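Residue numbering begins at 1 within each chain, and the chains themselves are lettered A, B, C, D, E and F in the order written.
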C-alpha cells in the first residue's frame, strides 16, 4: 500500500464525562484529542495509509500532549506547528436512551484559528501526496483559517492531488464576518469527493433541491471537478439506538449501502468522520459499491469505540461488510 | 416562576456498586444521597421551583456531607435539623438483562426515625409555601415520624397549602406496632394529589376494586379533598428494558399518557419520584394532560441518569414530550 | 445438600480492558482469574455444593493471589499445587454492537502445563466425591496435562464417581504433537455427561452426522457410558445481543429449553461454563427437563455479570426458570 | 456568629492530572472549580461566616455546574451572573519531590473578563456586609474587570465595609494595556488589610524597601486606610515538603507566627487563599496574634486537602493552633 | 506449623474515602471488612497459622460478602453465624500531614450485638485450639456480646487454651448500662497475654500506677494467670509520620523493642492489631525478645498497606526485624 | 540538535498495582510498556534526540499497543519487528515505607528471546547513527538475543558509532547455558561508555577490586576502547526515601556528582535507565562534570514520575542541576 493522504484542521481537547454522567455531576473528565479531519487521518493511518495532519497547537505541555496523541495514533506530525495561544476544547456529555448527547464548545481564539497562513508550505507538504482532505469547519473558524484552507485546496488542485471535502455546515461557527456562501463555493469547485446533505447543498452551494440526485447533478454542473457526492442516513431511535446507511452518487448512479441497526451505542461522536475515512479508503483501493459499504461498516464500528477516533483494522471493517465475525467472541 | 414547595422525608446515603458489579465483587461503592421525597424536591429545584426539604441528619461529617449534597442540588436547607444518631443507608446493586436490581436497606433507628416532632415549627415552614409533598414511607418508619407527617399534613391543610402524597406502600417498613390502615387514611383524607396503584388502595385505604376508575371514585367518596389520583404502568421486559406510561384521574376522566419504550436503562431508582415531581410541576404550571405527559417524560429521562435524582431541565422534559431532540447529538 | 464435585483444569489470570475500550487504548486492565473448569466449580460452590478444584499455580505472589481468589469464591483449595514457573493469562477486549469481543491468549508453558502427573493422588482427591468434571482444554495443553486428565478420568471411573466432560475443541491448542482423536475418545468413553456440538463430534469423536440426535446415538453406541449429551444454541445478533437456548439428549429424547433473548449483555465469557455447571447441578438435584432449564437460565444470568464466574444464587436461577422477579427492582 | 463577607473574582474550572501523573500521560482530569477570591469565600463559609461571591459564569451547563459547586461549598450564589461566553480554566500537574507543580492557564476572554460593570449593583450587594475581599488578579484580567474591582472597592469604602486585598502580582496577566501601577495604588489606598510581599510592594505600590517593616510603614504613609499588612514565608524544600510561617504588621509591631514543617504535601494550590481567609476570620473574631496563628494553621491544613478549597472546620484549625489532635487517628 | 488460633469479635464494613479526600468531597468509598480481632486472625492466617473467627453477620448479600472476604483472607469461616439484622460499619477519612485521620462509627444494634450466646458451642470451637484471642471491644458492645465473651474466656480457660486479650478501652462504647469495671476484671483474670497501657489499667483493672512495671506487677498480683503484658509507644509527628516501638513485660523484665521511624504512612488503621498478631505469633514460635521485635516489625509493615488487615508474610516481617531488604526493589 | 541514537532490547508489558496495593489485593493493574534500553531511548527522544529502538513484538493487538506506546513516546519504530509468539511482561508492586517494592517477571520465551538475528540489518540501522546503547540484559535472555547483541556491537564498532553498555547483571536471567563471562567480555571490549558497579566488574569482567578507581583502570587495561565508566550510589532509607549520587571515571579522574535526598518517591523503577540516558545526553552535548550532574538530576526526577519512562524536558533537568525551580509551583 503506497498511498499518502494529507488532512488539515483544528484539533481540540475533548473532555467527556465518564459513563453516562451529566455535566452537573462530573468530577472527572476523560481526555482525548479530536477534530473532524484528524479523525479521518487516524482512521486512514490505522488502515496502513501514510497520513500527515496539518494543524497548529499551543507550545505548552497540553499542546505537546495533543501532538503525542497524534503520533500514538500513527499520524506523521512533521507538519504540526506550535505557537503561543490556547487550545480549543469541547465538553461532551454522553447521552443514553431518549436523552441526547450534548457538546459544549470552547474553541474560539485558538492557536489554529490565529495561525499565519504564510507559515505553511503546501508545495512541500503535498510532495508525494495522493489525496487531500478538508472540511467546512476550517473556513468557518476564522479568516486566516479560511485562507489556509483556500491555499491548501488550490495547491492540491494545482499539483494533481485528489481532494475530498466534508461540507459539515455548523451554524454556530462562521462568526468572523463571512458566511458559507462567501467561501465554500470556490473550495467545493476544486473538490472531487464531496460529503453533503440537502441542507449543506442549500447553505454552502446555494443549491435548493428536494431530491438528492437532482442536487448532485446541479452540483456537478456548477463544479465539474466533483466526481463523487455522498451522505449518510441516520435514524435516531434513541441516543443508544440508531439506524445507519449511506448513499454515494458517482456521476452516473446513486449507490445505496446496506443498512445497519445499531443498538447499544457506546460513543457516536466521530461516526461521520469514520464514514468519510472509509470512503477515501474505499475510493483509493476498492470499487464504488464496495467503497460505500466499507465506509458505512467503518462508521458502524466507530459507534462501539470510546473516543473520537476509529481504532479498527481493515480486516475488521471488511468482515463486517461481508457479515463475518459480527458480534462474536474471537479467540 | 414564583411557586414554593416543601418536601418532608428521610434521606439515606446510597451506596451502589459500580457498573453492573454484584455486591459480592464490589470493593468500591458510589455514593449519593437520596430519599423518595427529597428526590422530588431536587427535580423541582432543577426546574426553578423554590424548594425546601425538611429532614434530620446526624451531626457528624457524614450528615454534613448529605446536607451539602442537598444544597448542591438547589434545595433550601434551612429546615434540615441535626442531632446525635445514625444516618440511614441503602446498598444498591444495579441489575442488567434478566438479572434484577437489588436494594439492601439499613435504615432503622436513624436520626430521622427518632426525631422529636416538637422541634419542627410547621407554621414557619409553610409560610409562603404553595405545595407540600409527603410519602407513605415517613409514617411507616416510626411513631414519631408518623407524628411528624401528621403534623405537617394537618398544618398544610389548615394553611391552604396544596398537598400531594405518594402512597408507596412498603411491607418491610411498618415495624413499630402500627399498620398502614391505622394511619394512612387520615393523611390521605387531607391530600389533594394521590399517587396510588390498586394494591396501595387496598393496603392503605381499604378500597378493594379491580378497576382503577372505580377505585378512584371510591377514594374520592371517602376523601373529598382528593382532586387527582395517578399511577404509572411499568412493563419490565428486563432490568435494561422497560416500558413506561402513566394515567391521571382528575375527577372526571382518566387521562392516559404516551407510552415510552426504554431500552438501555442506566439507573431506574428514582423513576417514580421523577414522575411525582413531574406531576407536581405539571399541575402547578400546565393543563392536566400536559401535566401527565410532562411527568412521564421526566420519569423516562431519569432512567438515563446515574443516581436517585433527576438532573434534567424543563426544556429537556418538554422537548421529549414534543418528541423533539430525542436521542440526538446536540452541539 | 451433601454432594461433592471435583473439577480439574488450568486457571489463567484474565486481564480485561475496562468498559468497551480496545486493547490499543487501555492503560488499565481489570483482573480476575478464570478457567473453564474452575468457572464450573465456582458456580457449584455458590449453589452450596462442596467443590474442590485441582490445579497448579506458580509459587510466587501472583499464584497466591489466584489461589485466594478461588478461596474467596468458595472453592476448597487443598488440592491446589504450587511450583516454579509461570501463570497462563489471557487478555480480553469486551466487544459491543457489531464489534466482536477478542481474546489474546498467553498460556503456553505454564506451571499447570508442566505439572508432574505423579504428584497428584486421585484416590485421595476422589474420596467422598460424587462428580468429576473435565474439559477438552486440559488434554490439549500438553502431554503431561493430558496424562493428568487421563489419570483423573480413569480413577473417577474406577471409583464410581460420575463424570462430565465439556469437549470444547480449540484448534489453537493441541500443539504438543498429539491431536484430539489421539486422546479424546478414551476420555469420552468413560464420561457420563458430554457437552458437544456437531463439530466437536467430528473433531474429537470422529462422528460425522448432520443431525444432532443421530450424532448422540452414534456417540452412545461407541461409548455406552455416556448417559447425557447436551449443547447450547447461541444466536449472535451482535456482541450486545444474543439469543440462547439449550438441548439435552438423555438417551431417549432430545429435550429443548426455553429460548432467551439477551439484550444488553455485560460479559459473555464463561456463559458456556455457567451452562455446564447448571447441568451438573440440575442432574444432581432435579428432573431432566428442569435440569436443562436451570442450566440455560444460569447461563443467561452469567451474561449480566462482569468476570468469568457466575456469582448467582440457586434462588435467582430458579426464579428465572419460573419467570419470576425477572429484571425488577427487588427491595 | 453574624458577620457577612463579600468576595469578588473570576472562578476557573481546574483540570488536574490524577496522582502525580504528568500532563503528557493523563487521560483523565479531576475537576473542581476555584479562584483566589472564591477559595477565600469557601473557607469562610465553612467556618460559619455568611459569604456571598460575586462573579460571572457562562450560561451553559458547565457554568451551571460551577455555580452548583459554589452552592455545595456553602456560598450564597445570588450574585453569580450568567452570560454568553466561555469559562476560564487552568490545567494543574501536581509535582512531587524535586519536580515542581505546573499550571497552564487558559483564562483569557472569559465571561468574567468581558462582564459589564454596569450590571452589578454594589449598594445592594453590600447591604448588611461587614467585609469585602478582592485580589490583584481581578484588575489584571481586563479593563472591565478592573472597573468592576474599582467600583466594588469604592462602594465598600463609602459604605463602611472593611476591605482586604491580596496583591498577588502575576506578570502573565496585565495584557490589556494597563500595568499594575496604573490601577493598584488607588485600590490599595482604600484597603484595610493588605497581603503583600516585598516584590508586590515594588510592582504594585512603587515602594522599594529591603526590609519588611520599612515597607509596611511606607505603605501606611501612602495609604492611611491600611491597618494590617501581612505575608507568608514559604520554604520549598521540595514539592512534597515545605516550611510555612506568617507575619502580620498591625501598625505597631510585626507579629510572627509559629513555623510549620509540612512534609507529605497533598495539594499546595490554594494555600495562600486559605491563609488569607484565616486572617479575615481571625481579624473578625480573634486577637491579632491569634488571628495570625489561625491563618497559618488554616493554610497548613489546606496543603493536606485535594482541590483549591480548604474544607476544614474552625475546630480543626483551632486545635492545630493549640497543638492538639495533630496527626492522630480520631475516633 | 500446627497451631490453631480462635478469634472472636464483630466485623464491620469499612468505607474509606479514596486518597486523601475528606468525607465532604467523597463520591466514592473503598470497601473492606475489618474488626480488631479479625484483623489479628487475618495476620495469623497469612503467616500459616490455622485460624477460625467467631462472629455473626446479617443473612443478606452484604453479610455474605463480608464472609467471603474472611475466606479470601484465609480464615476458617465455619463458625460465622448468620441472622436477621444489620451489619455495623465505619467511615474512615485518611489524614495527611498535620490533619488527623477520622473515624465515624455506625455500629450499634448490629447482628453481632444482638446475637444469642446460647447459639455458640465453645466446646466444639475450642476442640484442637491452642490460643483464643478477645478484645475489650466485645464486652463493650452489648450485654449479650459481653456474655459471649465471658462464655468464651471461661471455656478457653477450662479447656487449657491460652488466652490473649487486648484491653482496648473505648469510651464511646459501653452504652448498655455496664461499665468496664463491671466486666473486664473477670475476663482479664483468666487471660495470659494482656495488651494494656496505663489508662487501660486504670479504666479496666482499677490499677492506678504511673510506672508501667509497677502496673504490670500489680496486675499479676491481682490476676496470677497473666504471664505477659505489653503495649506500644507511638509518636505521632503527623498523620504521615509516626515513630513506633513496643514493650513486653514477661513477669521478670520489661523488654524493649527497636524503635522505627515511619514516614510516608499509607494506612495506620489496624496497626495495633498487627502488633497483637505479631505478639501471638511470636509467643507461639519465638523467644520473648524476638516475639516483641516480630510484633513491632509486623505493625510497621501494616502502616504501608491499605485496609485494616496486614497482608505480609513471615519472611517479610523477619527480614525487617533483621534489617534486611528494607525499602528496596526486589526482583 | 542533530544526533541519532539507536537502542536495542526487549520491551515488556508492565502491570503494576494501583497506589500502594499489594498483589494479593489488586483487582486492577496499570499498564505501560518498558525495558531498560527503551527507557533510555524514551528519555533521549524527550530531549529532542532522534532515537530508534530495535526490538521484536508479537504480531497481535498487544504487540501493536506496545509499538504505539513507543511511537507516542517519540521513538522511531521502523525497526520494530513483529512475529508470532508472546510478549514478556512483569508485575510490579510499588512499596512504601520499610516495605520493599517487588517485581515478578514473566518474560521467558518471548518473541524477542526467539527472534532470528539474521532478520536484522545493522548496516542499514546504523546509517546516520551517532550512538548505540545496549545492556547486559539482552545477552542474558537467550542465545539468539546474545547473538543479536553481538552483531549490533560489532557493526557499531566497525561503523564508528559510539557504544554505551549498562552491564546490569541479573542473576535470574542467564538460563540458556551460557554465563556472563562467556559473552560479556567481548561486548564490553568494544564499548566506550560502561555502567558498572564493583559486582558487575566481578561477574561480567572477572575484575576483582575493592576500589572503584582500581577497577576502572583494570577495565581500561583489558579493554582500551572504554573511555568512560560510571555508576550510581543509592542509599535506601526506605522505599519512599532514598539518597542518590553518581560517579564518572573519565580515564583521568573520578568525578563525583551532587548528592540528592529523595523523599516521597513516586516510582523508582527506571531510575537507573534515566541516569544512563542522562549520561549519554551529557557526553553528547556537555562537559564531563556537567554530563554527570545532568545524569543524576535526570534520575532524581524520574523517581517523581509514574511508569518506567522519564517524561521530563532538558529544561527541567538543567534547572535541577542549577538548583532552580526545585519543588515550586510554576505558573
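Following the convention adopted for this analysis, a residue touches a chain if its C-beta (ideal position, glycine included) is under 8 Å from a C-beta of that chain, and two chains touch if they have at least 3 such contacts.
Keep in mind it's a predicted model, so treat the numbers as computed, not measured.
Colleague: Between the options E-F, A-F or D-E, which interface matches B-D on more than half of its contact pairs by residue number?
Modeller: The same interface as B-D is formed by A-F.
Colleague: Which chain pair is joined by more contacting C-beta pairs, B-C or A-D?
Modeller: B-C
Colleague: Round to the nearest whole Å and give the separation of the Cα centres of chain C and chain F.
Modeller: 44
Colleague: For chain C and chain E, what's the span in angstrom between their mean Cα positions?
Modeller: Spacing between the chain centres: roughly 41 Å.
Colleague: Where in chain A do residues touch two or more other chains at once?
Modeller: Within chain A, residues 22, 24, 27, 68, 102, 263-264 contact more than one other chain.
Colleague: Can you check the complex and tell me which residues of chain A touch chain D?
Modeller: Answer in residue numbers: 15, 22-24, 26-32, 60-62, 64-65, 68, 86-87, 91, 93, 102, 104, 106, 108-109.
Colleague: For chain B, which residues are in contact with chain C within the complex?
Modeller: 19-22, 24-25, 95-103, 105, 170, 172, 236-242, 263-264, 268-269
Colleague: Quick one: which bits of chain D touch chain B in the complex? Just the residue numbers, please.
Modeller: 68-69, 71-74
Colleague: Okay, in this complex, where on chain F does chain D touch?
Modeller: Counting only chain F, the residues touching chain D are 260, 262-266, 300-301, 303-307, 311-312, 316, 320, 325-331.
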